[in-house]
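Each structure below is given as structure tokens.
Here chain A shows up in two complexes: once beside chain B, once beside chain C.
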Partner chain A sequence: MSFDAGELRYLSPEIALFAFAMLVLLHDVIARRPNREVSLAVTLMGLGVAAVLNLLTLQSSPTPVLAFSGMLAVDSFGLFLNFVVLLSAAGALLIGHDFLRRVDVLIPEYNPLVLFSATGMMLLAGANDLILLFIALEVMSIALYVLAGINRGEPTAAEAAFKYFVMGAFASAILLMGVALVYGTVGSTELRAVAQWFAIEGNTLGATPMLGVGLAMLIVGFGFKVAAAPFHMWSPDVYQGAPAPVTAFMATGVKAAGFAALARVLFVAFLDGKVDWGGTLWVMAALTMLAGNIGALVQKDLKRMLAYSSIGHAGYLLMAVAAAPVTGLADNPRMGGILFYLLAYTIMNIGAFSVISLFTRDGAEDTRIAGLAGLADRHPLVAAGLSVCLLSLAGIPPTMGFVGKFYLFAAAVEGGLVGLAVVGAVAGGIGVYYYLRPIVVMYMHPAEEHPVAPQLNRAAMGALAVAVAGVLLLGLMPGPLVDWARESLLSLAAWSGT
Partner chain B sequence: MDQVGLYPVLFTSAVLFTIGAVGVLTRRNALIVLMSIELMLNAVNLAFVGFARHLGQVDGHVFAVFVMAVAAAEAAVGLALVLLLFRHKATVDLENFTLLKG
Partner chain C sequence: MDHLLTIVTFLPLLGAVACFLSPEGTAKAVALVTALLTFAASIPLWFLYDPAAKGPLSWETFQLVEGPYPWIEDLGITYTVGIDGIALLLVLLTTMLTPVVIVASTSSVHKKVGQYMGFMLMLETGMLGSFVALDTFLFYVFWELMLIPMYFIIGLWGGPNRIYAAMKFFIFTLVGSLLMLVAILSMFVFHHQQLGFWSASVLDLYNVALPYRTELWLFAAFAVAFAIKVPMFPVHTWLPDAHVQAPTGGSVILAGVLLKLGTFGFLRYAMPLFPQATHAMGPLIAGLAAVGIVYGALVAMVQDDVKKLVAYSSVSHMGVVMLGLFAFNVEGVSGSVYQMLNHGLSTGALFLLVGVIYERRHTRLISEYGGLATSVPKFSFVLLLVTFSSIGLPGLNGFIGEALSLLGSFDTHPVATVVGTSGVIFGAVYMLWMVQRVVFGPLTIQANKEMPDLTLREVGYLAPLLVLIVLMGVAPTPFLAKMEPSVERVLVKINAEVDLLAERQQPTPVGGAR
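Right, the complex of A and B next:
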């Protein structure tokens, strides 16, 4: 084992993000009167620099590389998800800028905390060792616990933050126990070492129940983090109680990073004929899709509805993951849909939350669906933007959400999981109903007597415009992105050899 | 001195972990919930150290130090959140925090 300083270049996006976070933090401490616009500009610049460095890393390492004695995998899978994380962070910052002023949370730490959390997410996407994976998970989560409770004066936010903390820490502990059991059996926490251990004759899950328990605990831990049934109960409360921009970040960034880590662990370490986790994920995916989409039907609050919708989307993603043990990665070209969908989900959710963040009255959020009534007459463009994002979440063509969902279902069918795909289709059909309801309210219901006036602002409107453009453009011309997503997913096969 | 085998260590770790998990799920006092989480993490540390000695490696010992550092950071944020809850309702009994319901 040796340390090669040159390998630090593989970490340059994370280092840049962290450095900019420190810079913004310092600015807010040193400046006598911290300027929020300057802080936002520098933070966004940090995201931009990280994105450029990420692109350079992608171009300079065309073949997957392992850095830091196998701790970090530098492959296009991780680098693709780094872009998704950066996009999600940019959305959270733009949505949050004016929102936090309106709810009177002028805490300058918001921007750096988002960057710290994003740093953790990026490390999580590249973690090739279970210990790095755990630390990255905590770097991401601890910053998010603080963010969820950043609106200190709001009782619901405090409650949501504590619930998120307890469930998050509980999940981390379970996941960590899984790591310990894998380490105890295999003698290493590197993902490839686990795969190599399985390659040895006679090493099976049945012969060592300890490893089976470890794998189960890893899946449970990830299940909590990405809000998959039956470990999803916390997420509606937390998503509803946390401030809208933070909810947007939690829903998109954590989901992307969590699925990245789940997919990497399962595909690299456990994608072997000797381990059958496909059945477990089959059941989880079916439960998750149904729980999310049925739960959303009766919701009266937009954030809570989108929380259930987020559970449903985790189910669609799990459906594709469940197909992997059947076909392997290389023989299922649709599997890239996982990456495509994570990007699509991030873009459309950022769009939806940028509209939700507009609805504040007297310094408090008002996110009732009924509050949208008559929005189409008062602000036709905002209503149209939200409609596009909701239709995309529902998976209606010609949006990005449709293309993504198509590939997820295709991946499942290719893996022979036709039954699961049917469950998914039923759940998706239910989903269309509740996604259409806010649209109906916006366009057909008369406005309330004292309607909540949406507080239009440039930053959130910019995020909405970019999201809508992205959803439509990438929905109409998904070709290049689909190819890139497929190649990125295939880079994982370089590690597992399947 | 007699060597303690791997299995007594793992058994103790499993018992501690279970006590912690049950504590998180059933206790209604926020501080006890926090302590239960710490107990779970310490159970994992014990397992790491036990495995490391069994395997004759240093790695597991190092992991335990990592976990302690992370647990300290987590406890700091957790206590701050408990304080936040206390400032709203002047209690840390979780029965009183039911604003968010489906």
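Right, the complex of A and C next:
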């Protein structure tokens, strides 16, 4: 164990984010009258600086590197996801800026908390050691527990925060137990060490049930975090109760970071043919796709509907993950779809939530689907923007959501999981029904007597415009991004050799 | 001229954007000009396409090919368009019908005209793209692109039950196409396994040889998607709802072009990609087609709403098209393609005529009419002519298509054809009975007496359809000549493995262990 200060450069994006978080926090404490605009600008600048540093790291280390005695993996897989996380954080900040003023939650810690959480997410995406993974998970989650309950006056938000905290702590405990069991068998918490342990003749999962239980607990822990069935029950309540911008952040950033960690652990440590977790994931993916899409059918609240939809999307992603043990990573280039989809999902969800955040009345959220009635007549551009995002979530071409889903299905089919792909197709067909409903209401229903007036503001509209442009452009010209996603996912193969 | 097909395909999309952005008043003009320009641009296709090109189904036999331009390289997805004789005729049908529909819609659509016109043009791009795409991924994108505008056209400008109808239309079609997407992906993987490179081009995928059982599954996935679109019995139930609720323009495009995409899909994708399965499933599909013909006709007979009657007649007519397709011989398939065009013209015209009287009386109940021959003679004459075309009176277009289809399929599926032909007779019954009740008889209702006859505008947009109905009836040769070589080529591909299959099936009984 030696510490090389030079390796700190690999952490520069995280350090920058953390430094800016402290800066914003100090500004809000020291300034007599904290200026929200300045705070937002500095926070966004922090994200920008982190993005630039991330890009520099990506360019300066073209081959994957392990830093800090194997704690942190610096590979394009993690760096790709860092961008996703930064994007998600930027969305949460832009959506939240005006929203928090309207619901009268002028707590200046919002912006730094988002940055702290994003720091955790980025560490999670690069964690090559189960200990760092756990710490990163907690850094991310603790900030999020606070964010979920930031609107203290609202009982539902308090309930959501509490639920999220209890379930999150529970999941963390299970995960930690899993880490302990893996360590107990392998004698190391480094992911590569697990893979090396399997390489030794006679070391199989069957011979050491402890490791099997450990792996199962890891999967369960991640299952809670990414809201995969049957561990998804908490998410609709939490997503509905939490303030819209926080829900957007939870739905996108947490999902991206959670899947990053899940994929890294499974692909690096457990992908060697001796452990078949593919069947387990097959079942989880099928259940998750169906539970999410069927659950969403009857929802009357947009946020709750999108919560179920987000469960469904976790299912599509698991479908591709489940294909990995069949083919390995290198022989299934379509696995890059996981990264592509996480980015697509982030962009389209940020777009959808930027519209949802507009609907407040007298300081309270009003996110009933029925409240959208007649929106197309009053605000045609907002309605069109939300429609594009919803159609993309439904996977209708020519949107980014379609290309992403196409690749996830391709990964499954290439891995021979045609049955699972058919389940996915059925679930996707069901999904279309509820994604169309808000569109029907916006375009085809007459407005309510006292319609909720959407509180248009520049920050959220900017986020929506960028999201819509991204969804359409990257849907039509996905080529370069697809290539980058594929290369990034393949960088994981450098660690496991599969 | 190098990019004529691309220009024809995307010109409407540009017009659609212009329509969405332009003020209400000018949108109609913008739409009409775009549609006419698109039509004008598509006319050279007729002359540039040379049916004489010889050779098997391959890149050489598709013409005006653009591409392949790489699009998403790692799966071999490209932008490639091109036409054969079959696609040529369907493209022309589409570019011809769209301006007609736009003119017809000017009097029936009053709210959000710009959006309506925009969606109509967007739909045109989707339809044209589906016909010209030679890349399966590109085809799928265009195929789905049609859904959104049609969904809005039904859902925003439709009748009282429009939202239900729009939703049903969307879900039915999408569930079918998602299964097709999985099948397309499987084809990519099989192609890569067998030929060593990734390609999404349909011409490359034709080279994949699959075991019989795999073919059956993949064929089923494609067939369900296309059968829903056609629509075939028993997945036709979305059609009457969609037709009845859709505004006139939507119905015309739906019947005129959208349904043809189902049969076109069979001919371009499902059948040549999976020849063994096609032959194995032939009797089943022919049987369902025959059931559809009779069922559609019987249900049409008892309708008291004219539009619903025409909608069910579509189910019946498309059954004839399917029967012809699965005849696996040149007569049957050419007749079937011919019948696709006929159905587009005559059913399109019927929906337009229903729209004409609906605009005047705001009812579509047959009992509300009667004796129109005396009050509106021009309308009555046109209705009679179109009806004759629809029931296949010799001398008009319908006869050629129907006769060829049934003639061809009698060879292959005699029982189904006999049943189907009886349905065609029912077709004559319900159509003529409808005309009798609407046009002839005593003129009793006051409102009908005061009904104005066809205006110059209405005559104007009906005229091209009527001219083609007569022209294609008396001089079918130029049309058949354009498509027949293409039909033959597809048939060679479909039938190539039949003899093989027959040989294999001789020694062991069907279903026996192999």
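Remarks
In the analysis below, the second predicted complex is superposed on the first by the 498 of 498 C-alpha atoms of A that agree within 3 Å, B and C clash if a C-alpha of one lies under 4 Å from a C-alpha of the other, contacts with A are read in each partner's own complex, and residues count from 1 in each chain.
Convention: a contact is a pair of C-beta atoms (placed from the backbone, for glycine too) under 8 Å apart; a residue touches a chain by one contact, two chains touch by 3 or more.
None of the values given here were measured: they were computed from a predicted structure.
Counting the residues of chain A touched by each of chain B and chain C gives the higher count for B. Looking at the shared chain after the overlay, A:E159 reaches chain B, while chain C stays out of its contact range.
When the two complexes are overlaid on their common chain A, residue A:Y434 makes contact with neither chain B nor chain C. Contacts of A:G479 after superposition on the shared chain: chain C is touched, whereas chain B is not. Applying the stated contact rule after C-alpha superposition, one finds that A:Y345 touches neither chain B nor chain C. Look at A:V146: by the touch rule set out above, it reaches chain B but stays clear of chain C.
Using the contact criterion defined above for the overlaid structures, shared-chain residue A:F231 touches neither chain B nor chain C, since it reaches no partner. In the superposition on chain A, A:F198 contacts neither chain B nor chain C.
Contact residues on chain A toward chain B in their complex (touch as defined above): 131, 134-135, 138, 142, 145-146, 149, 152, 155-156, 158-163, 165-166, 169-170, 172-174, 176-177, 179-181, 183-184, 187-189, 236-238, 240-241, 295, 304.
Interface residues of chain C facing chain A in the complex, by the touch rule stated above, are 70-75, 137, 140-141, 144-145, 147-148, 151-152, 155-156, 162-163, 166-167, 170-171, 174-175, 178-179, 181-182, 185-186, 188-189. Chain B contributes residues 10, 17, 20-21, 24, 30, 33, 37, 40-41, 43-44, 47-48, 50-51, 54-55, 57, 59-60, 63, 66-67, 70, 73-74, 77-78, 80-82, 84-85, 88-89, 97, 99-102 to its touches with chain A in the complex.
Residues of chain A that touch chain C in their complex: 333-334, 391, 396-398, 402-403, 406, 409-410, 413-414, 418, 421-422, 424-426, 428-429, 432-433, 436, 440, 443-444, 478-479, 482-483, 486.
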